[in-house]
Amino acid sequence: MRKTRKLQVLGAIFAISLLAVTACGSDDDDSAGSACEVGQIDGDLAMYNWAEYIDEEQLAAFAEEYGISFTLDTYESNEAMQPIISAGNSGYDVIVPSDYMVSILIEAGHIMKLNLDAIPNSSNISEDFSGLYYDPKAEYSVPYQWGTTGIGVNTAVVGDDFPRSWGLIFDPAISGAFDGQIQLLNDPRETLGAALKYLGYSLNTTSESELNEAKDLLAATSSRLAAFNTDSADEFLTSGETVIGHGYSGDMFVQFLDQDNYEDYVYFVPEEGGTKWIDNMAIPFDAPSPCTAHTFINWMLTAEQGAALTDWNYYDTPNQAALDLMGEDPDGYYDDLLDFIRNPELFAGGVDSLESIEDTGDFETNYSDAFVNAKG
Amino acid sequence: MRKRESTEHVVEVATPEFEKTAQKKEARRGLLMALPSYLYLILFFVIPLGIVLIYSFATRNRFGGTDLSGWNLESYERIAEPIVRTILFRSLWLAILTTVICLVIAYPFAYYLSTRKPAIRNVMLVFVMIPFWTNFLVRNYAWRVILGNDGPFTKVTEFFGLGTHELLFSQKAVVLGLVYGYLPFMILPLYAAIERIDGQLLEASRDLYGNGWQSFKNVLLPLSMPGVIAGSILVFVPSLGAYVTPEILGGAKTTLLGSYIVTQFLTARNWPFGAALSFVLMAVMLLMTIIYFRKGGRTL
Amino acid sequence: MSNAVEPRGLSKIGLQINGWLVYLFFYAPIVLLVIFSFSESRNVGKWGGFTLSWYEQFIDSSNARNALENSIKIAIVVTIISVILGTMSALALERFTFKGKRVFDALLYLPIIIPDVTMAVMLLLFFGEFFEILDNLFGIQLRKGFWSISISHIAFNISFVSVVVRARLAGMSTDLEEAAVDLYASRWKAFRHVTFPQILPGIAGGALLAMTLSLDDVVITQFVAGPGWTTLPVYVFGLIRKGVTPLINSISVIMLVSSMLLVGLSLLAERTRRGG
């Protein structure tokens, strides 16, 4: 008994002392990147990105040009990536957080200030992407790709004559005939956001009453759905599981264009407005090779690399130089890609109706709780 | 009194003192046997668990991190909310259903398996495990295709004149998926327990009782009880915390305990609440394990 | 089962049918998986013509190959260590009495009942702190990677292995073992020649379980892995988020074949060791 008791006590002391060490806090070296020069390399590149968001070949090209090796690990959501970065010692040099996550990471001090002298190509970023709410002076992040969340429809079943509105999902009068064939994203902010937009509110509201209205609407809609699903929205449409789906622009495009009957499918952002999201490149506070990271970011901001990226994942780019290159399209290589992904008909309410998701701080748990309550 | 020849070829006689030292030796051996795992688990399990326990008393700060100062019981108080109770009971029901179905399917299978010749047995066992060396997620997605609209399952039922059955995104699909995922966890311990029973006992009991059912109830079942208990626990526990299968096959339309906990950690970034929920879940499961064991007549 | 009696009549037919149905149940999705890994269409479920392109994509992707390699390496190490520790724990609990046994018993159940995500989070925090302490006190700089993943897998696998082996040991009469102790000079010999063969099915079951659990683990691995140490299930999980394509099928088939090879090789090794 004594032996095991001793061990237990030892264990407890150990645990408590660990916490004392935690309380001492970690050292955020905000200026680690400040010594980097353009094109400087200080180690291999370790990238942490969403899956299928960058071609490995593109990374290989970078690695070859600078004589280093690279690793690419993937995560499936911002919230899964953030604790790993925040815990420290993650080993990654470049991460790709979304807009609201950038503001969270800046506040927490877990991404480093960029040395903009080492990223001269940031001048390639379009004017539309300056003064972003989450990083107004663009000190911590560089836009990577952007896209929208909207509705995908199988017009062969639903017809072409429906209102370009969120009511297509939420209003039984419009889509009652398709009950059991509708899908919503399994994401509190996106889905409650859609309901909020339909009700005429901001999708970043911190009003309990507005959120409750959205929650009730969602609860009423829940029984009319086939599923809440985030990763297969586009596939459900093309496999016939659903005829009305809620999903991301790039994913929808890739899936639709792969079908023989691609003209049957339509993607649009409803007139009440929808989510516009921007993913960004950032450098964790304890990145092992910050200079390599700076060089990589700079390299990605060239016209060729920006265009290659868009051409691979079909999302829209904030890189003006890349847009120009694809617009001119000297070899006919990009094949009207821009026309397709920038079709004005995509935004039924106009580009201004789009809203970015912002972190609502303490109110954030209200969204996820409302979502759970709506499902019942 | 036993005469025992040890390596030193000294004949020892069993006296009370001798018994006592022998017992002490046994206890020490037992402790030594358990020690490596004991230490391992303390270092790599209990201590990390302690960290999370502390987090359950912390507060979520503005940007989703955890504030260790200001200990409170708020997260635990939330457990009393009605929605948590709904989720808990829903999950319990699903887990019990899954466990019972697994038991009913696995028992005859394990029994049959144990009556085969040894060479065949091993092959059969390996063939049971092989499907589970594909990725767990992918198996779920395969079922999604099978049970989906216009999928193989509904095609088969149509062929047999049973009408269209689009099981996908229903409660039934979730149970099917869970049973599929955890059946081997029931088969393996059951097999291990049944296999060591002497067939002659069963033969004798069948003669005695005259019918198979009685023989099963009074002889086979009690003898294989350790396997039943082990298998039930290995199925019930993960089923209670399952979240992948309900999401993929059930369409995430109702929230289960597993999803609820994952949501707190990975979506709401409310780690204190997630930690509190985890501990409540673990406490419930530990309690049920102890009760189950006591009923089954084992120690714990 | 020793002296097993062949089932008779109705029960025999019933048992056989049940057996076949179980295998059908187990393999239905696998067959689907394999078939659609060769399908041209991006949609799993819609046949699009035969192609090997998804396999090519896997082979071309250094990421995917790396992930597969990692998974196998980790699974081997984890299974071996878990089986040893798990069996020792089972023996300790079933054959001995010692102080603190109850606590040990309960302790072994904790890894089984803890939710995956909770274990993932706690190990993430633990390794973060642990490495920091090592750095501050000893200047040793460790990185998350192979060992953090393996240690984490072993942490839950010990319990699973012990549960299976205990089911085997429990109620197993100790007569043979006691006789062996009288006969053999050392306890170790008694164990090796008598106890061990008897519990071998339990150990084998435990090993299979441990390997499966390690190869399948996603959340825990995700949180304790380091750059370049992604395992296949984590990799597949990330892919799925972007869309379920037959690439995932082809990866699974490759994984399946690798596992079969691994087990096949170990069975072969066992046979040659025994001498045929």
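The letters A, B and C name the chains in turn, as written, and every chain counts its residues from 1.
Following the convention adopted for this analysis, contacts are C-beta pairs under 8 Å (C-beta built on N, C-alpha and C of every residue); 3 or more make two chains touch, one makes a residue touch a chain.
On a predicted model such as this, the values are computed, not experimentally measured, just so you know.
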| item | value |
| --- | --- |
| Chain contact topology (line, ring, star, complete or other) | complete |
| A-C or B-C - the one linked by more C-beta pairs in contact | B-C |
| Approximate Å spacing (C-alpha centroids) for the pair chain A, chain C | 34 |
| Chain B and chain C, separation of their C-alpha mean positions in angstrom | 14 |
| Residue numbers of chain C (touch at least two other chains) | 44-45, 99-100, 104, 121, 125, 129, 237, 240, 244 |
| Residues of chain B engaged with two or more neighbouring chains | 31, 38, 42, 46-47, 51, 148, 265-266 |
| Residue numbers of chain A (touch at least two other chains) | 3-4, 8, 18, 22, 77, 80, 83, 239 |
| Of all residues in chain C, those that touch chain A in their complex | 41-46, 61-63, 99-100, 103-104, 121, 124-125, 127-133, 136, 143-144, 222-223, 225-228, 230, 234-235, 237-244 |
| Footprint of chain A on chain B - complex, ascending | 31, 38-39, 42-43, 46-47, 50-51, 54, 60, 62-65, 68, 83, 86-87, 148-150, 168-169, 247, 250-255, 260, 263-270, 273 |
| Parts of chain A lying in touch with chain B, wherever the complex brings them together | 3-4, 7-8, 11-12, 14-15, 18-19, 22-23, 77, 79-80, 82-83, 86, 103-104, 107-108, 186-188, 222, 225-229, 239-241, 359, 361-362, 364-365, 367-369, 372-373, 375-376 |
| Parts of chain B lying in touch with chain C, wherever the complex brings them together | 2, 4, 6-7, 26-31, 33-34, 36-38, 40-42, 44-49, 51-52, 55, 105, 108-109, 111-116, 122, 125-139, 141-143, 145-146, 148, 151-152, 180, 183-185, 188-200, 202-203, 206, 212, 223, 226-227, 229-231, 233-234, 237, 241, 258, 261-262, 265-266, 271, 274-275, 278, 281-282, 285-286, 289, 298-300 |
| In the complex, chain A residues that touch chain C | 1, 3-5, 8, 18, 21-22, 26, 46, 48, 50-53, 56, 71-77, 80, 83-84, 87-92, 230-232, 234-235, 238-239, 251, 254-255, 258 |
